[in-house]
Every structure is written in structure tokens, then in C-alpha cells.
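Quick notes on the structure that follows.
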């Protein structure tokens, strides 16, 4: 279970990006974070991932009776916690020149003995598990292809396989479908949804319709604060309240995508 | 109109400066057209002394040629390894600022040092032979390879590095699993290019005492055995030509493959 | 879904075995070469004190040698002059050669083959050989060095320029021919403007190369700073030598910077005019 408590992120020049984010997530949650650009969605993601340290507030990771505070750690301790947080990115961010299966195994780099990773590398047992992870995302047959030769949708699946190979406490997704065409976007969302059974999934999306369709909970962030935390029935008025003027832009770009998604 | 006038005036000044530099340099070089014309014929006459090449000396040249190539290969291997270490230290995305500045500075200084000066120093300290030759050439790689490697490392997609750091990988793992795979093609390509350069340099350094075929050429000239020298020269030409072909072929293969093995 | 299994030869354990083999073989080769060349790294430690001694004798560098002896100053000027002349004359010659050797500007295929051959010979001939010959023909001193640089620049850059000329965009050239121009006019109005930027960039690069080469040539009798450094070391005037070496580094770095600035300015003006 993840508890985000009063997270504030302030820049050195005084500007407050996050003004006190609070929410909780547990197994089974597939949360979609929405909000206008600049609201603080990506900053929240980076705090959850340990890439950025909040200026104040706490992020608790509770599992098996133990509680860890992400915000209090640095260096080695931080790396240990990050091992258990999976994240997929908009740009996939895989090592293009390595094979698919090697990219998946990289997911556990933080968890294996550094000396071993330097010399022997991964074990055969780990390779088998990586293959299972790939089969789970339905690209087992691509295991030995080089990532550079894969399409966008396939690469994102590799990224998801890498994340689940980590056996993480939670899975983060920073605009995972933004670089994908509508049919691949749909496939990826369909892939993510059942994974929520094992761990909370928190994703940032810039298209409210998609989030509403596949997620089971919506959190809206506006100007650094949580303005909505509830189910996915988003009324028109709510959307206007969240997005303001941007709503029209989003609606215009989303119409064709929406049609494909719903068809 | 005014713009054109200024341009022409400026051009005139630049032109004059250029002419002055030209004449000044010619004087400094003690350009003597008289010697050039007489020297030209002397030179031609001299060239006849170099022909025909004394092919009976060819078997003696084989080992020195081999030695020259070995020196270049060993030096390139060591030089590449050394340069990679400097490059890791000199990459902004891996290294703290102070270390990066020091490393980049060291590489820039080395780049300004001609290899021949390096070997003069090493020969003074360590004596003649291939040993100082290998060391001089290996250090000589730093300026060029070090910088090329460091630039390649800096060009690795930062988001990929971030992503792997997100799973909890430490610096060494990042280097092994992200940096090295991504920069390998350009590293190999540049190293092959440097090998070509090092073969030519190995010939030159040989004359200063590193041995090999460069020394044969120099020595033959000293002994006034010009036919022998021209045999050695032909061997060098063959060497350089072949190494160039091989290097071009390998580099094209790498560019096409995108990956080795 | 059929159960996919791992490819045998791609198993991590197999990969590890192959990696070990690769490293073993390479290490063996390296050690073999080292032994053949009497390259003994232990020498670093046993003979290393020689290096330290040398360093001790070289420091502190006798910087006064730079202005005390006037012939040192002359040598510095000589080296610069050699590089300059070599670049200018060699570059001009290379340009002529290049036009003769390029497919689209050569007067005849026969001339083209001849010039290509000339250039490839000059390119492969080591400067070492050239300086030795020219010293015999023209005597010791910067003149021989300068001629060596001219000839080697010819070879090196002749090919570069010829390739650049051949890689010119054909559309503008065809356009000029289409309006009735003859070959010379086509060259002047469509080919030359396209190659000027790369020509200028290469010229500056040539100067850098020639400056370093000039120093090396000095050791074989070409005059200039290289000669001074060699003399200083031969006569055991090590602190003088260090001073000269440090100055050489400074010289090369300074001229590199100047080249960068000048080249940027000239290229900018070319694109503007």
C-alpha cells in the first residue's frame, strides 16, 4: 500500500510545483492521474519514483508489515527502495542495442549482487523468468530481437515486462500511451488493467476518456493540489473544472482516438 | 553601395595582410627558388640513386614491418582502454563536474602534444626500442579517442539512463548495461580509424628509435644505402595501403551491422 | 499457445562461457604481442626512476630560454611559417589537382586518372620519407620542411577536395548548363560556391595538421621548434626542453582557438554574402 502525505515540492526560486498532495493506493487500484499541463502530474510521478525528492511531506511504502519512507532516503537506501518500484515511460526508454530479454532482465539490476552483475551477469533461472514476463505481455516470441527493431507498441510491452520482472510494490506509468497510435494504446491499457490485481498501478494520462474507460479510480491534480479523488464517472462539468480552457484542445485531438478506442 | 564599398575595403586589408604573411613566411622558411630549381634536378638525380629498389633486402624488411604493425596494434589496444577510462571521467552525464573538467583538460593538453615529442621524452628516460614506442602511441591516443569516446558517452539518451537508474542500478551497472552497449559501434569505428593513424605514426616514431620499418628507412638513409631505403619505403606504402583498405572494410561492416558478433 | 523456451545458445550461461573465451584469447594475444616486442610493464617500476629523474631534471622549466635566445624565437616563427606556407601553397595546389581529378570538372578522363594516381601516391608517402629526401636535395632547414608540408598537403587534401567537388548537388549545376553556360562558367557559378565552405573548413584543419607535423619534421632536419627541442634533449638541457615543449602545447592550443574563431567568422560571411 502506498500513502502519499502532504507532499510539497518547491523550486529554489520559490515557485511551488506541488502544494500538498495526499492520496492512498492499494492493491487492485488502477489509478489515472489527470490534470492540465503544468499542474504537477509529472512532478508527482517523479516523487513517487524517487527521481525527485519532495521539499516536505512523506511517501510511505507499506508491504508485509514493513513501512519505508521514500522521502527520507538517499544513495544506497534510496536505490534499494527504487528496486521495488516499477515505472514505464512515454518514450519507452529501453536500451536499444540490447535484446528484448536482456532489457527485461535489467529490471532486476538493483536487486542482484553488484559483483555478480559485473562478472557473471544474469542466471539461466532469471532468463526463464524474464521469458515468462515477456509471455505475460504476449511478446515471448520477440525475446531475442534487438529492441531497436521493434515497433512502439512492442517496445512499451517490453518496458512493462521489465517493470513486472522487478516484482515491484507498485507500477507507475508516465503517459505510457502518449507515443502510441490508438489501437496500440488500447492494447496497452488492456494489458495494464489486469496487472492491477497484484499491485497498485498509478498512471498519468493526458486523455481523460481513456483513463476513464480502463482505470477504476481517477485523481485530478490542478495547480499542485488534488482536486478530485474518486470513481471514473467524469461529468462534463467536472472536466471543465479540472481542465479549464484546455478541455477544448483535448476534445479536438481526442475525437478520432476516442472513436477508435470505443470501436 | 556603401555596404559593398566597405566589403571591398576590408577585403583589401585582409588581402594585404595575407600577402605580407606570405612573404614573411617565405623569408622565414628561407625559400630559395634557386636551390629549388637546382635542387629539383639534384633531387631527380638523387631519385635515380634510389631506383631500382634493392629487392634482395626485402626478406630483412619483413620482421621490422611486422614489428611496426605490432607496435601500432598493442598501442591502440592500450590507448583505447586508457582513453575509455578518461572518457568515463570526462563525461558530463556520469562524472562530477570537477572530475570532468580535469579529465577533459588532460585530454586537450595531450591532444596538443605531438606524439613525436612524447617519444623523445620517453626515449631519453627509457632508452630505445619498441617499449617507449608503444607507450608514446598509447598516450597519444588519449587526445583523440578520449574526446571522441567522451562525446559518444554524453550523447547516450539521458532518459534511458534515468530509466535504468529507476530500477535501482548503481553507476557501474549503468556503465555496463546502458553506456557500453550504446556507444560500442562508434567506439570500435573510431578505434579502427585511430589504428590506421597509429600505423603511420609507428613508422615515424620508428625512425626516432622505436624500431620497426621506420628505423630501417632512417638507417638506410644514414648509411647512404638508398636502394635499400626505397625497398623499405615500398614496404611501408604497401602496409599503409592495406591497413587503410582493411580498416575501411571493417568500418563499413560495422556501420551496416550496427552490432558486432 | 506453445510453450516458448529459451534459445540454447543465447542462455546466459552460454553467453558467459563465450565471454570468458573471448577475454582469454584476447589476453593471450596481447601478452604474446607484448612478449614479442619486449614490452615489459614491470619495466615501468624498475626503470621508472629514470622517468622520475628526467622529470626532476626538467623541472622547473627554464622559461627564459624562450626569450633569451633569439634563435628560439626565430624557430618558433619558422615553424609557424612552415605550416602557413605548406597550407597555402599545398591547399592552392590541392584545389587545382582536385578540379583536374573530379569527374564533373575534369577536362578529360585520361587527365582524371593521372591526377587521381598522383594524389594517391602523395597521400600514402609518409612525411618521414619526404623530409629525408628533401633535406638531401635542398639542405637542412625550414625550406625542406616547408616543401614537405606542401607536398603532403597536396596529397591529403587533393583527395578530400576532389570528393567534395564530386559530391556537389547536381541540380544547381544542371540549371546553369541549361541556360547555356559552358563548363568554366558552370564551375565558377554553381560548383565553386558549393564547395567553398568545406574548402575553407578543410584549410583550417590542414593548418592544424601542418603545425603539428612541422614540429615533428623539425627533428629530422626541417628546422623550427622541433629541431630546438631535439637539440635541447640531445645536449641534456632538459629544463630548456620542457620549456619549449610547454610552449609548443600553448602554441598549438592558441592557434586551434584562433582557427576556430576565424573559420566561424569566414563561414558566416560566406553564407551571408
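We call the chains A, B and C, going by the order they appear; numbering starts again at 1 in every chain.
Keep in mind that, in the parts below, a contact is a pair of C-beta atoms (placed from the backbone, for glycine too) under 8 Å apart; a residue touches a chain by one contact, two chains touch by 3 or more.
These numbers come from a predicted model, not from an experiment.
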By C-alpha centres, the chain nearest the middle of everything shown is B
More contacting C-beta pairs: B-C or A-C? The answer is B-C
Maximum distance between Cα centroids and chain A occurs for chain C
Between chain A and chain B, the Cα-mean centres are separated in Å by 48
Distance in whole angstrom between the CA centres of chain B and chain C is 8
Whole-Å distance, C-alpha centre of chain A to that of chain C, is 52
Chain C contacts chain A in the complex at 1, 4-7, 10-13, 15-16
Chain A residues touching chain B in their complex are 49-51, 79-83, 85-87, 89, 91, 93-98, 102, 106-111, 114, 117-118, 146, 148, 159, 162, 166
Seen from chain A, its contact residues with chain C in the complex are 99, 101, 120-124, 126-128, 131, 135, 140-141, 143-144
Per the touch rule, the chain C residues reaching chain B in their complex are 30, 33-34, 36-40, 43, 47, 50-51, 53-54, 74, 77-78, 80-82, 84-85, 88, 124-129, 132-134, 136-139, 141-143, 145-147, 212, 215-216, 219-220, 226, 229-230, 233, 238, 245, 248-250, 252-253, 256, 273
Chain B contacts chain C in the complex at 7, 21-22, 24-26, 28-32, 35-36, 39-40, 42-43, 46-47, 67, 70-71, 73-74, 77, 108-109, 112-117, 120-122, 124-127, 129-131, 134, 200, 203-204, 207-208, 214, 217-218, 221, 229, 233, 236-237, 240-241
